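Encoded as structure tokens, the structure appears first; notes follow it.
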């Protein structure tokens, strides 16, 4: 994809909508995830209380963000964790590469990390002759197939077991074709076990970084995350700077919200809290632990009081699961690292409106996402805000690329609309004209699109205004 | 009539009801009148401003919103036959004028807004007697009526009052129908996919009538059903209620 | 040897942007947490058992001193060949005693004494089961808590296909918050702290649940009352 041009959202959407298998898989998967979440939060009053608490905890963290990051750095350093700062993904990749070189490492085993996707780390390392081995089963599958994840939590959700069977059979040496899921999992376990034992460097993301104690917290079900952060000699953790929370006591409610919203679990198999590298006398664990704190536009997002709510996100993926658009087009259609509702508001703020602003048109503002977000991000409001920024009427756009959509035609349409709705005489004239045309409204522009799948709306001969007058309803 | 109830209420017709579903508008007015209320329809009313507001044209939306606030000047409740428009006025008008001189007026206005079925059930405690023939219906809840105004419970309560009406619920009742105002125009393919699924869901219920509380959804869904040649009727619940009960 | 890329300018620039962002003005609403349960010991055992067995953990509740008997019973039953443990751990001596009493049909006891570098092949390839103590457990979450030590290193509860944890019923807390507060975790966290709720699992392929991915395939908890 050309970095300078807008990505072809329309083609992506059209292709996805036509892909019946994709749509079936997605619908199935989303139904399951929605039901699981409902089952794990049976008491809606309690859930609302928990969401409010999650929102308050994250807001308190954002309120003190620079101070907490400084505290995190101090505590981590005291514990022996080396802290690095990266303004953008180029710097972050450079830091990782440097660490790889320092340890003469030619491969790295990776736990699932959306930030590493944001960095396009695998591609970057591969160009430098370093192998990045995805170890989360979903990521492992799509890596073999040279794909990117289509969902924040379940990266291979768009794949059937026969597709996985084919991928393993074709891409892994000496691997028979089997659709048995237990066997497929065993194949992955065997393939990766050697890598865990034999690789010098492991890389992970961070779910929450606790400033109070300098602790990195990770959640997972498979055990690959613990493998990547415990078996190698070096552990590199990459995180977005908004992942820091103030206190240990902030963790239990956030954890419950995260695992409940993401996979409908009360808790994941493992909650892994890392506070230092291997200490003297300890027999295992990495001898070096590095934390890379990534900005990549987050500090800019923080500067706007409304838009900074984007940074409340704890990357649970539930907004995707409830979105009527995501379930129909899947993650790849969005063309960028973060799909779904959160992706719609995050991507334009990171990549600029002029290239990615089209993403915010792909929402009916139904509000399903905002209703379920565990930390109460008002996603529809932020979509609307980004639409405002796209036209930048008030010349106060803060998002890069603001005003890119400003054009005379649309401005005139809405000015006309405004006039008609402010001036009763014009309003009546308009409805009377449309009413007179009856079913002969010209099928141009918006009406053309509309009538490809629906009959045109029939404007009544006599509007409600007219009827009300005729039937003598009070007017004051 | 109860001394606690107002003698007069405003009726905000909404722009879509005005142009496309005036019968439903008259039915809603009659329903309120049948409860002994004097219904006032200020002729200078037009649109709540949501189309521009949702599209990124906030200045234009603000100008039109300002007009509505001026037009509905008396302290009467404002009854709105749409969860979408009611939600706009109740939940978004205050923010539209935050920090501006109209802020107080906007808040007062917003505080007086009720969705129609909310008003009938919660405030008026209205009961209706079904005089119609047996019929099977299904209900689509508009996203804003559901999530912003939380009034779908009242609409369904009214349907359930009608003894000859069987309500078969949609499998995905709370999923968006794909209208979203300008969304249907800006992302027509996705919108089409959504309304097609909604129509299929309706077909599966075996209902002969689709009921909804929002004209945007109604226009979208009935348009799609007609395009597929389906014989299912689509009505605004206000019109259905009036026809079945004649206000009694 | 090059130093890692430490770019003080990046740090200063990021922090100065953050400080200038006006985020200090963020309003933080008052938001109380939901009430947490307060359970009796037996209720805690029950709740913990219910939640953990739902994710395929095997739980045995025994009288305090009888736990080594249970371990020995399981060892004979399951046909384990090599059992890893920490001789100097809180449960080490009792394991040694149980083996000394009658090692017939029992797996070979393998003490975790060397650093992992020389032990890795053995650990990854020949150990059937690792037995560790547990620091405690959290009833409302359904997880045991481990703070690995030099005597019971981290990989014990991760690499072998079976992990047995010995848990004192009196160390089961109502909730994570209760445990963190009572034990004052904020005063200092260990190298690694773990919550473990069951054997490793995945549902990444068509949501079909499979146990035993990269972590253990079996998790056995012996709760001593």
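Labels for the chains are A, B and C, by order of writing; each one numbers its residues from 1.
Criterion: contacts are C-beta pairs under 8 Å (C-beta built on N, C-alpha and C of every residue); 3 or more make two chains touch, one makes a residue touch a chain.
The shown structure was predicted, so the numbers you read here are calculated from the model rather than taken from an experiment.
J.: Indicate which of the five shapes (line, ring, star, complete, other) describes how the chains touch one another.
T.: Its topology is that of a line.
J.: By mean C-alpha position, what chain is farthest away from chain C?
T.: Here the answer is chain B, farthest from chain C.
J.: Between which chains do we find the greatest number of C-beta pairs in contact?
T.: Counting C-beta pairs in contact per chain pair, the top pair is A-C.
J.: Approximately how many whole Å separate the CA-defined centres of chain B and chain C?
T.: Spacing between the chain centres: roughly 55 Å.
J.: So the centre of each chain is just the mean of its C-alpha atoms; given that, what is the distance between chain A and chain B in Å?
T.: Chain centres of chain A and chain B, defined by C-alpha means, are spaced 33 Å apart.
J.: Considering the complex alone, what residue numbers of chain A touch chain B?
T.: Going by the criterion above, the answer is residues 10, 13-14, 17, 324-325, 328-329, 361-368, 370-371, 384, 387-391, 393-394, 405, 414-415, 417-418, 420-422, 424, 427, 431, 434-435, 446, 449-460, 462-469, 471, 473-476.
J.: Under the stated contact criterion, what part of chain B meets chain A in this complex?
T.: The touching residues are 8, 11, 13, 15, 17-23, 25-26, 29, 38-44, 46-47, 49, 51-60, 63-64, 67, 143-144, 147-148, 174-176, 178-181, 183-196, 219-220, 222-224, 226-227.
J.: Applying the document's contact rule, which stretches of chain C touch chain A when the two form their complex?
T.: Interface residues on the chain C side: 1-2, 4-7, 10-11, 13-15, 17-34, 51, 55, 112-116, 119-121, 124, 141-143, 148-150, 153-155, 158-159, 175-177, 180-181, 185-186, 188-208, 210, 212-216.
J.: Which residues of chain A touch chain C in their complex?
T.: 28-29, 32, 46, 49-50, 52-53, 55-56, 59-60, 62-66, 69-70, 82, 84-87, 91, 94-95, 98-99, 101-102, 135-138, 141, 154-156, 159-161, 164, 181-182, 184-185, 188-189, 192-193, 196-197, 212-215, 221-224, 226-227, 230-231, 241, 247-249, 251-253, 255, 263, 266-279, 281-285, 290, 293, 295, 299-300, 302-303, 305, 308
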